[in-house]
Amino acid sequence: MNAMPPPQPVLEVERLSTVFDLRAGTVRSVNDVSFSLKRGEILGIVGESGSGKSVTGLSVLGLIEPPGRIAAGSIRLEGRELTTLGDAEKRKLRGNAISMIFQDPMTTLNPVLSIGRQFFEVINAHRKVSYAAALDEAEAALVQVGIPAARERLSSYPHELSGGMRQRVCIAMSLINKPAVVIADEPTTALDVTIQAQILYMMQNLVRDSDVSLIWVTHDLSVVAGLCDRVAVMYAGRIVETGPVEDVLGNPRHPYTRGLLDSIPGDAEPGRLLRQVPGTQPSPLDLPQGCSFRPRCSQARDECRNELTSDQVGPDHFVRCLFKLGGD
Amino acid sequence: MIAFIIQRVFQGAAVVLAMSLIVFVGVYAIGDPVEILINPDADQQTREAVRQSLGLDKPLWMQYLYFVKSALHGDLGTSFVFNIPAIQLILQRLPATLELALTATVLAILLGIPLGLVSGLNDKRWYSRMIMAGSILGFSLPTFWVGLILILVFGVWLGWLPVYGRGDTVRFLGVEWSIFTLDGLRHIILPAFNLALFKIALFIRLTRAGVMEVVNQDYIRFANAMGIKKARLLWRHILKNIMIPIVTVIGIEFGSVVAFAVVTESIFNWPGMGKLIIESINHLDRPVIVAYLMVIVVMFVIINLLVDLLYAGLDPRVRLGSSNR
Amino acid sequence: SAAEDVVIGVRTEAASVDPHFSYVATSKAAVTNIFDTLIMRDKDLQLAPALATSWEHIGDGVWELKLREGVTWHDGEPFTAEDVLFTFERAPNVPNSPAPFGQFLSQISDAKAVDDHTIHITTRNPSPQVLFDLAEVPIISKHAGEGAATADYNDGKATIGTGPFKFVSWQPGGALKLARNDDYWAGPSEFENIEIVAMPNDASRVAALLSGDVDLIDAVPPESYETLENNDGVEIWKTPDVYTAYLHMDTDREVSPFITAKDGSEIKNPLLDPKVREALSLAINRQAIIDRLMNGLAQPAGQLAGPTMTGFNPDIEPGAYDPEKAKALLAEAGYEDGFKITLHGPNNRYVADAQIVQALAQMFERIGVATEVETMPANIFFPRGSNREFSIFFLAWGSAQGTAWHGLRGVLMTYDKEKGYGPSNRGRYSNPEVDRLTIESMSTFDVDEAARLSAEAAGVAFRDFAIIPMHYQMNVWASKDGFEYEPRQDQMTLAYGLSSQQ
Amino acid sequence: MSDLGLNSGASPKFTGPMRALGERSERLRNFLLEYAHSPIAVVGGGILVLLLLIAIFAPWIAPQNPYDLASLSILDARLPPGSESYNGYTHWLGTDGVGRDLLSAIMYGLRISLSVGVLSSLFALLIGMFVGLFAAYTGGRTENIIMRIVDLQMSFPAILIALILLAILGRGAEKTMIALIAVQWAYYARTVRASALVEREREYIEAARGQRLGHFRIVSRHLLPNCFAPLLVVLTVQVAHAITLEATLSFLGIGLPETQPSLGLLIANGYQYLLSGSYWISIFPGVALLITILSINLVGDRLRELLNPGMRR
Amino acid sequence: MLGEIDRTADKKAVQTAAPYVEIRNASRNFVQKMSPVEALLSRAGMNYSDRVVQAVSDVSLEIPRGTALGVVGESGCGKSTLGRMAAGLLSATNGEVVFDGERMDAGHAGMSARDMLRVQMVFQNPMASLNPRQKVVDIVTEAAVYHGLIRRRERQDFAAELLREVGLPPDVLNRLPHQFSGGQRQRIGIARALSVSPEFLICDEPVAALDVLIQAQIINLLLELKERRKLTLLFISHDLGVVRHICDEVVVMYLGRIVERASTADLFARPVHPYTQALFREIPRIRSGRRAYEPISGEIPSPLSPPTGCHFHPRCPCVMDKCSVDTPPLIPVGNGRVARCWLPSL
């Protein structure tokens, strides 16, 4: 059905499953996950810790290492299938066509190499440039992410920078080769609110000014609300609800999404008990049959034990639940 | 940094003082050197006279104070056995020991680190397991025993390599060296290997542990995510990080190589300090024992200082002098 | 045929090449390669002419020595009586000497040059002792040695001798390098260059010979004797040693530190009783020790002096082995239940010392004396022994001068600090008869008479089992095939003794 | 009480692969199972147990008491393996230079070597543990001084300290142990301090203080148990090290007494014979020593892997 | 039951007007001293000095009985240090902490250990705050047994009761901490604090490390406990939403100093200090939807060398000349609230 195709998505992930074969059993971290990303779009992925957000991101970059493996599914970047690429080809793409930012800015930079040197390494991995030229480029990139006295910073070492600075450096590095897609794995979780705000602000501008597409992984719904165009809610390795931010957050159709929203104290009446979801996430070693949220779901019924499909409930809004919550 | 160096010097001085006192008391406790040095024929008066001339008739504390006084003037005493200034005796032998220890250390680095890298990067492969098994073996073989076997196999049975001494030496920088002559090199192979064996095993494991730790670090993941090529990753990103702990250990172990040279030197008749100290203990040649320990302590202070400086050079996070780590 | 250059591995290194710095056998050996004495001892300890061609007592304790003519120092200067007088002056006065030469010149009250090649030596006691003493004192040159300190000898400045080899270099712990003296009065050595290396580790020394790195080694350990002997590429050279191994006993104190009853209670020192000492001697199977532990490289002994020495008493039988009689003697002495002793010994000093001590313990056990063994390095053993911390201990005595009275004076005479008697009498045996005979023997001019007196003294002491002689050690050298070495009783390893086999 | 998160009665789900029952034996079993995943470590452990049994029961299983000089005879000296002694006993591994049956000597030597190694390491562990914990918990100047001493001790080569100490103390098993303790304690002190420094900053220590527990209790119940794993790893390394060191000291002529030879001393005594063809006197004890240290190292290695994956020596 | 342990009955009777918990002008410095050699060299004119961090400076607070005070601020502003001083785990460099009429800061011999049990703490990191080698039953009963509040043989029942109270099934008594999820661990930590019947509970970011769903569970638990046990809370958090939900009054800190104090309702209705305003602006909110951020500029300065005058002045949008020179005092701005700012508009 390619009638009137909307702008071709830059990244398409289809039915991706990633597992880790451990001695204790198979950890199914990512289960049948599909999403796509348009040019210039910001997709938020939210979910509890351990819901498979990072593994999804790493899978897209082909960074899953044994005992992990991509068990099924396809990942297409600008139409090119990534899952079948060899190691060297994948390396060529990484940091070039697609790159990633990690959660902890304190540990993602190599402590013994200067910032400038690390920039050079990243640039040089994909383009042959002189060290001096790389530094010039790096300086420009640092200015772009709002680092003052950028030139001096290039000769600093990571430990001489604050957490916020380091995260900016990482962002600049991930963007330096003008990738089509950047995956940011909770890049602001470890930072203070004021710094987080600075970074979000900067990212918004960056995306607006270039046509890079961004996947923003977080567990903070309010960040998604403030930053993203679309959101995918993950639970136990599955995307349980996805759609435009306004729709999903304004009118959640999955009990889990609802639970997430209700748990945030911000808008509840102070002093009152919050509406809470009991229990904890299932172990990825033995996920429940059917809907994995079933054991914690107040709506659960026997039918929830059957395999579920993702149903469309609105424009671009999909829910993986038998009993969608009422559409307000 | 200056404060740091001064601090180290003070510490070194304190150790030297403590060490010399301990050795004085210790050697005194072992016995009277004259009884060993003298011709058994000698009559009692002669013995008395010798004791007097060597200053051994005085109470121990006086001997010690006298020693400290002359040590402050740069005189560590004269060997009872050789009547040569103890420090000269030791410095004469120092090159031989240093040469042996350095060769062993270089050998250990050249063999240990690459093997460690290989086994750390390909953790699960059969050859990594072989390397690890070999390293355990290297840990388990007592030095003296290996030395004898080496002599037996390569010296006596096969007759390939010489088993005693340094062979031909050449003068370089005012010191005799054997590593610069072919014959000297032939002579150093066995003892250096003997001494290095344990360290090779150690470096294999250190490197491997380092690699396995560094490889799991976020910054390596990030570098991977940025598409940096494997070889580059190894040389630039991994190696530099693992070198930091390894350099420290190399420094510290160099000291223990010098110390363990005692064993190797006496097996291979290597004319170094280690052999000297054994003989000096055998003869209760106190000035030499004290001077030897002092040289060792000074060497340690210097090595540690160098290691720390190097460490600071390698690891930008290190600030010298912050005594609370 | 052998090479021009020779490497010799020796067990103990020289302390100095200053010939008068320290009187220890190993230094003496090293120095003897370079310097000559007036009178020398040949390989069988007999006195022989060296720099002195003849000596004669011309009355009143004055000896006239004729010096060898035409001898030149290594630097070409002629050798004269002045050099001898200079030597006599310097030898006892080397600063810091741990084993001074004074004792060998103490007999000389005066020495003067009659002409360039004749000197007169006046002695304090009328005895031939001075001749033996002169054999110990290397003669140095006056012109090179004037004002020279030990250090000047060590670095070669003053090391100008008349001996068979010239000094080239020496490093403590390293090698002593020598070059042939082509003008040696007794004829030049066959070998151009000599290197003498200290190799204290027995196995390494043997390995070095086997691997061909050295040409001659001394102090062949008995363990390796057989192998070397069966090796076609190696020749063995051996001779009796001047060292006699013996057991020293506390024969003085009523209560001795390491002797108790078998139940651990204190008892009167049984070693005071000669019967007990004899019993212990009879318990020892000397031949077994020699055969099993020393590979046959020793002779059973019954006295301190060896058979070739002046003053050897041929009437004293080597100690017999008779455990039954030993038990009987113990019973007779009132110790039918035995007692308990700890036997001490060094473990790095004498041939197979630690093993011998254990073997002795085995043998004592068999006659009912419970024996513990404690061995220790010589550096601890000797000071403790001199402190009289032991009750019965194993050691050896070397009579390097080849005379019996030395041993008697050192080991068996009553300990007397003032007169200098019995300095090594660590068991404090005391017998006036032995003292008298020994003193007499030492001051007798006639050598034969002195020998007779010594032998008589020995007879008294050993009938008393003052000490328990064990065996005479053997000196063994091993060389590569194609060399010949002249083994010496006094243990010295001399490069001049080495020649190539025709 | 309202439902605060767990459906009462429903057993809670736990994350992580370790879902064992909390019993101690169960943990031990799990640990052993985990250990058993490395076959070579199992072999090493098996051999070590065997050696320990031999060492413990040596007096009952050894054909001869090699320490009893009365039962030895030099007439039996240096018999090759398999020969018969004159009282009819077969020496399967031959005899040494003074007539000891080597098989028995090795069993007894193993006993001595292991007990010297293990005991000295244990004592050193105790001392080092105490010093290190004290330093870490006290902090400040005291810690600084203690750690300087530890540094000094560590930077000074063990073998030299032992050499000089033994020259002073003389020979004997206890004295060797004292020397070995003296050279080893610092390793433990440093190890335990390193982990105590980390642990003491952890919140559970603060929590214990918040519960107003006494210092002694905090150190003994909270700090110590959490610093123990690396100590255990160091212990295995050090036991092997101590045995080697003892052997080396005995080789150098100090250390254990001649009449009660450890493996090291047996090797040392026998090595003179290596060149003379009586290889067995030195080779067999050498192999025994090698196997002992090897098996200890294998076990230690595995423990290190399990307890302390990131540790560096 | 648990309520039995009541050592304070008589003290309550003599209650005065004095506030229940009071922190008076408390400061806390962390000093890294020069080594002796460095000290010598610094005398000789070289550039060495002690490194001083003023983690908390001149903080005064009162917490009435039964209320909850929130402390908010960015990382490193001294929240935990303040909490630890209040818990008597850290001594104040200056000033004092008074609990129910008695001084109780660590290092001051005012209160006995047993009395100090009335003040307890809940920690941020649920894994690190439990001894990994202690079983649950030991964790929650150790102090009670140690201080003789219960007998050893009562442990099991006592522990089971506590666990029930915090919502854990009693069959977990013999498990080890690693066998629990983060939320469950935090419940254990709370049970431990409750085991000695505290009256004053200091919670140092107890939910920061938890997922939202779990966070809600723990918040509910704390609310319930506060109610049921009549607890007084000092609640430290960087999450304004959580603070708003739990606390009656809020203190905003910046670089060791209080910059604003007000009742929760007032503060959320109208933050006055520019820093507080910035904080409020920057918390992302779901309802507000997608929006353009206007972040406050600059980074938090290093506490080693804080800016002169008002610490906030380098980042302040309304900075005046005076701000960089003089430190503003805490100025009352009506309704019992105070703010540390020179702005006349306050």
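So that you can tell them apart, the chains are marked A, B, C, D and E in the order they are listed, and the count of residues begins at 1 in each.
We adopt the following convention: contacts are C-beta pairs under 8 Å (C-beta built on N, C-alpha and C of every residue); 3 or more make two chains touch, one makes a residue touch a chain.
These numbers were taken from a predicted model, which means no experiment stands behind them.
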Show me the overlap between the contact partners of subunit B and those of subunit C. D
Can you tell me the least number of steps between subunit A and subunit E, where a step is a move to a chain it touches? 1
Could you tell me which chain lies farthest from subunit D when each chain's centre is the average position of its Cα atoms? A
Far-end chain from subunit C, centres as C-alpha averages: A
For which pair of chains is the number of C-beta contacts greatest? B-C
Per the C-alpha centroid definition, the whole-Å distance linking subunit A and subunit D comes out as 50
Cα centre of subunit B to Cα centre of subunit D, whole Å, reads 25
I'd like to verify one number: the distance from the centre of subunit C to the centre of subunit E, where each centre is the average of its C-alpha atoms, in whole angstrom. 86
Check: subunit C positions touching at least 2 other chains come out as 203, 207, 210, 348, 377, 379-380
Which subunit B residues sit where two or more other chains touch them? 30, 148, 152, 156, 266, 281, 323
In subunit A, the residues touching two or more other chains are 273, 276, 278, 280-281
If you look only at subunit D, which of its residues touch subunit E in the complex? 1-6, 8-9, 11-12, 14-16, 18-23, 202-204, 206-214, 217, 221-222, 225-226
Residue positions on subunit B within touch of subunit E in the complex are 2-3, 6-7, 10, 321-324
Which residues of subunit E touch subunit B in the complex? 32, 35, 37-38, 41, 46, 48
Subunit A contact footprint on subunit B (complex, rising order): 217-230, 232, 236-237, 240-241, 244, 314-317
As the complex stands, subunit B meets subunit D at residues 11, 15, 18, 23, 26, 29-30, 132-133, 136-137, 139-145, 148, 152, 156, 202, 205-206, 209-210, 213, 245, 249, 252, 255-256, 258-260, 262-263, 266, 277-278, 281, 289, 293, 296-297, 300, 304, 323
